[in-house]
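You will see subunit A twice below: alongside subunit B first, and alongside subunit C after that.
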Partner chain A sequence: MAMHRGRGFASINYPIGMNLGGDPSQALVHSNPDGKFTVALSSIDLGQGMKSVTRQIAAETLGIPVADVYVDTADSDTGPHCMGSFASRGTHRVGNAVIQAAQEARAVMLEAAAEELEVDASDLVTDGRGNIHVKGAPSRSITTMAACQAAQFKQGRTVSGRGIFLIPLSEVDPDTGEMTPVSCFAHAAMLVEVEVDDETGEVSVLDMQSAYELGRALNPKLVEQQLIGGAWMGMSHVLWETTEPYYPDRSHGPVDFNHYLMPGPGDLAPHHISVLERPAPDGPFGGKGPGEMCANPVLPAVANAVYDAVGVRIDDLPITPEKVLRGIRANGGARPKMRLPRAR
Partner chain B sequence: MAKKPVTFTLNGSDRAAFAEEGLNLLEFLRRGIGDLSPKYGCGQGACGACTVIIDGETHLACLTMADAVHGRKVETASGLANGKVHPLQEAFMEYFAAQCGYCTPGMLMSAKVLLDRNPSPTRADVIEAISGNLCRCTGYEPIIDAILATANMRARA
Partner chain C sequence: MIEFRKEFFANERDDNLNEIGKPTRRQDILGHVTGRSPYFDDHLFEGLLHIRCVRSPHHHARIRRIDISAAEKMPGVVRVLLGKDVPRNLNTLLSLLDFGLDDEPVLSETKVAYKGEPVAAIVAESEAQARAAVLAVKVEYEALPHVLDVEDAVKPGAPVVCGIYPTNKFIYHGKFDHQKLRYGDVEEAFSRADHIVEGRYQMSPIEQAPMETCGAIAAPEINDRYVCFTSTQGLFFSLGTAAKLLTMPSSRLHFVGGTVGGGFGGKVDSMHEPLAILGAMLTGRPCKYAWDREEEMQVGAPRGAERWYIKDGVARDGRILARKFTGYFDSGAYTRLSSYAIIKGVGHLPGPYTIPNVYADVFCVYTNRTPATAMRGFGITGVDFAIEAHMDKVAEAVGLNPIELRILNSYRDGDMKAHRRTAKNCALVECCQVVAEKGGVALSPASRAATSLIDGGGERGRLPARTATDQNGAVSGYRGGSYGKKGGGASAMQPIRMPTPTDAARAPQRPAAPAYQPPAASPPSAPPPAPAMETPRHGALRFSSLSGFRRR
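Take a look at the complex of A and B:
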């Protein structure tokens, strides 16, 4: 009886968003009486950072400090329409809608400032710190707050903007079968190393090396956070998660989520991540989205690594000790595919 | 149902409130006292989201009777920041150790007790300390790193 090490590789192309009847998201931006801005969305932040990223995008486009933007995603009944936070679409779809809305609001803000400064709006620039000034003449300036207040209390303008980003439905050509379901792909590759115990059938993930191409990482720490958390989910899918772990006898099965197995803090593997930034032409500031793909390559990579380690090809998940042992028995013993150098 | 007066210390302040017989500490803190930092996760003592500190030890508030804290010192995540954020909270932000944030108050409580007892824990000690707290977003790695960083920062200070 022995421990066998194996390596597995997987690479994926992952579509950003989907195309089932068209894929739209809307954003509304308006200034408040204190000169700060609210971005109204129905795109829910599940913890992945939707609010942070749309806040950055709005601030960058409006030309104001991030602190002056509030993102309201509270209510999908009253907010502008969004298809939802899924399909890795949030940053790409919603981000583009926010840019369009913020551009319209920015134009009104500059018009209001131009009227106060008695200059042409096309001569004005923002400094990103809360001021609007004449290009090349920083002393001829007005704060964004003063401009927005003048718009509301003197000029009678709404400093606001509407944005929508729509990937229209792509019908299948009945003659050729051709369609364009996806406009933007993200890419990833992953190498994992596992250890398989041929006595118990247990698989431990020892190491994960990954490379992700996600367009521009609009918030690099959030991207890294999603990739780390998502890879853990991938490990969970491939080795733990099932509602029926105790086959063949259902009477010993789980009765609630407390028995639903997922890896704990003691089951982690070091994960070395490289993020490659190739800005997407149709993405907001070049961003795509890590979303779902952060979990995906782990599954095939681990399945391949188990095959490499003991020669058992498992094609239904999760890879439980029982399946590994049955496979080893059917093969008449563990059949490692390659020898790795011993403990490095 | 009979109500019992419960007097205790919550995050350093004396508190008194009536608790119905059989009421658990989690409901008592959230509804009776209004401290919403302990979270209701499973209600069965499996997830750790409701972890609080009683007399220096971690307890699951959902499995503790409200009147059991009579005369005792209770600490919750809402008491961590004292004028400024606690070093653990600082490190959790620095290391992006929260996504949805639901497990965070319980994680902070488990981490605080660990560091109060063992100022220089190993990685294995940290894993052991948070093994009763489930997180479904972060993959734990950033949480472990944040707790270790807090210990290192304190050692250097």
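Take a look at the complex of A and C:
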């Protein structure tokens, strides 16, 4: 009896946003008299960082420090409509709505500044640190706070903006399936190394090498948490999880985390991630959405690695030790393939 | 552990931005790490009541009688809710988008179609009292034959799971019992392929497993409104669903959420908000309805199982000439979101590859199990497992390194995709190359030189000269494009209903008799102007044309 190592590969793409469009999101942005901005949304922060990424997008667009922006979300009395946080749509759809709202508010702020500085608003730029100045003449400047105060108390302007982002609804042709599904795609490739015990059928994931292309990484730390967590989830789907272990039979359904199996910390494999950024033409600052797609390549890559290690194809998930062992026995023993050797 | 390969696509980005691209600390981190961020379950009102459901022990059964007399007398029980207490006890989740027929009750009255389906709800002073009273409800069932396998369910004579769809298949476009994809002619291409590679793949049902289980707390608010704290992933989605089921103007509902303990797709179904609000309406007190872990895992909708059959025709050099799919999504007892997941999946086929002939028949099948819903990778994860496991078999059949096979067949900018739109912004080739390099896998010079930016388009960007189409699976008795005029509920949903061009076009043809309007609902406003549509080539454009129909 022996341990067998194998490597498996998979590559995928993933559509961003509700498939056929028709999923609007709105944003409202306004300043208080001190030049501190509130972004009102009704989008949901599931832990993925919705509030944080829209805050950065608003700050970038307004041209002010991120500390001067607060995102208030998901009170239906104050937040404008949003379809919700699903379908990898949050950053893409809400981000674009925030840009539109912030651009409108920024335009008013610059008009207010222009009136104070007695220049044309189109000659003004922001430095991202709380100042507005004449392009090429940094000394002719006003703080964003002073501009917003002037707007509020002297000029009677609302430094505010409205934004919506809507990909128009696509139809689907019943006869051919012709449709306009989504506007941009994220990509991934994954190489997994596993070790299979031909006595117990147990599979251990030893190493994951990945490349994810997800448009611009708007916040690299939020991207990292998604990719690490998502790959863990993919590994869990392929080797452990199911609500119906004997599907389609409904028996033995797990009712708690003692029976709903998932990998623990000791089962985690080192994951070497490379991020590629090809900006989406219609994404907020080119962002797509890493949230959903990051789990997907792991499932087939592990299945392919198990085949590479012991020559058993498991096409029914999850790949349990029982299935592996039955496969090895049916083949009369492990038959390693080694189809992805390391170059010498 | 993580590196950013800025050298790729560098000329398509401006990397000198102030805030974008920075690892800024999360806005909500302080609240999260100090345990002070308010989740729905932190709104524990004084006098909060607790709701627990009475659930079917059968996969499929007729309900003969529900006797709540003993339960009503149990300690702490304030109210027992039945289907007749729900103002409009039938819904389909995507009706807010005019997609599909109402098929699922909040509390079933006549039959149950899965083990765990709720038939009554106890509202009690404590959760323990509610649990005790659940056991005291006597339900008399007549067990019916059930079906659990998708391919058994579509056989003639199978038990009918959901009477609205008598063949156990969702009806697409009022026209077919499955979603079709037809691009080129796969059979012709198979006949000239050097290899035929076939496979069958089964994706298991999977639980979203958020740390915070799904739930909502509702309370009467001043001025005849109700506040609802919720774990929903779609605030207005849940608000609209509650307004419809309770036939209540959305202006009387105040939903608060936005800080959620993980969702992964499992918190879009809006099961909790309507029942919690109904409890608050009928008792005048705050009510909490939340799942325990067992409910989350067994009656909370999972990612549904999917079964895929794939057949490839492959040339000797590894080019895939044709790919044919037959897919079965296990929707469980009701539609929820599976019908839409299939359209998303079909738009995704044949995966990130340029294949000149593609065919798919994908069925949304009803079985007697917990309804399926969204989960991370909605409509894609299952078929991606199938496609990529299949690619490995193709690589072996033609004797190619699996990474080389992907690069060879990968889609590139300018290629035509099977859903008849041009590929752009592609990056699959580059991802494959980076991983091969990191994993020390030797690639051929051609694979190393490949790029998503060139080599695409041209001949690869043209539509097939001929596409084989058919009328397989045609249905009758359904009418396309008219679902939105079904009576009831629509006016409550008006503010977030999709405006469509055909609304105005059809208006003069409406019958003189007004459609049924629920009481207390505000009159519908005129539809706002239609959004601009791309490629208006096929007549009716309303979203309901997807599904979409009313039974004659």
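In this section, the second predicted complex is superposed on the first by the 313 of 344 C-alpha atoms of A that agree within 3 Å, B and C clash if a C-alpha of one lies under 4 Å from a C-alpha of the other, contacts with A are read in each partner's own complex, and residues count from 1 in each chain.
One rule holds for everything that comes next: contacts are C-beta pairs under 8 Å (C-beta built on N, C-alpha and C of every residue); 3 or more make two chains touch, one makes a residue touch a chain.
Quick caveat, the model's predicted, so the values are computed rather than measured.
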Applying the touch criterion given at the start, work out whether A:Asp315 contacts subunit B, subunit C, both or neither, answering first, second, both or neither. second
Subunit B versus subunit C as contact partner of A:Phe257, first or second or both or neither: both
In the overlay, answer first, second, both or neither for which of subunit B and subunit C A:Gly332 touches. neither
Contacts for A:Gly156 in the overlay, against subunit B (first) and subunit C (second): which applies, first, second, both or neither? neither
Taking the superposition on A as described, I'd like to know which of subunit B and subunit C A:Pro265 touches: first, second, both or neither. first
Now for A:Gly47: first (subunit B), second (subunit C), both, or neither, which partner does it touch? both
Could you tell me if A:Met233 is touching subunit B, subunit C, both of them or neither one (first, second, both, neither)? both
Based on the superposed arrangement, let me know which partner A:Leu276 touches: subunit B (first), subunit C (second), both, or neither? second
Overlap of the subunit B and subunit C footprints on subunit A, residue-wise? 46-47, 49, 221-222, 224, 228, 230, 233, 256-257, 262, 271
Which residues of subunit A touch subunit B in the complex? 46-49, 221-222, 224-226, 228-233, 256-258, 262, 264-266, 268, 271
Note: in the complex, subunit B contacts subunit A through residues 42, 44, 46, 96, 98-101, 126-128, 130-131, 134-144
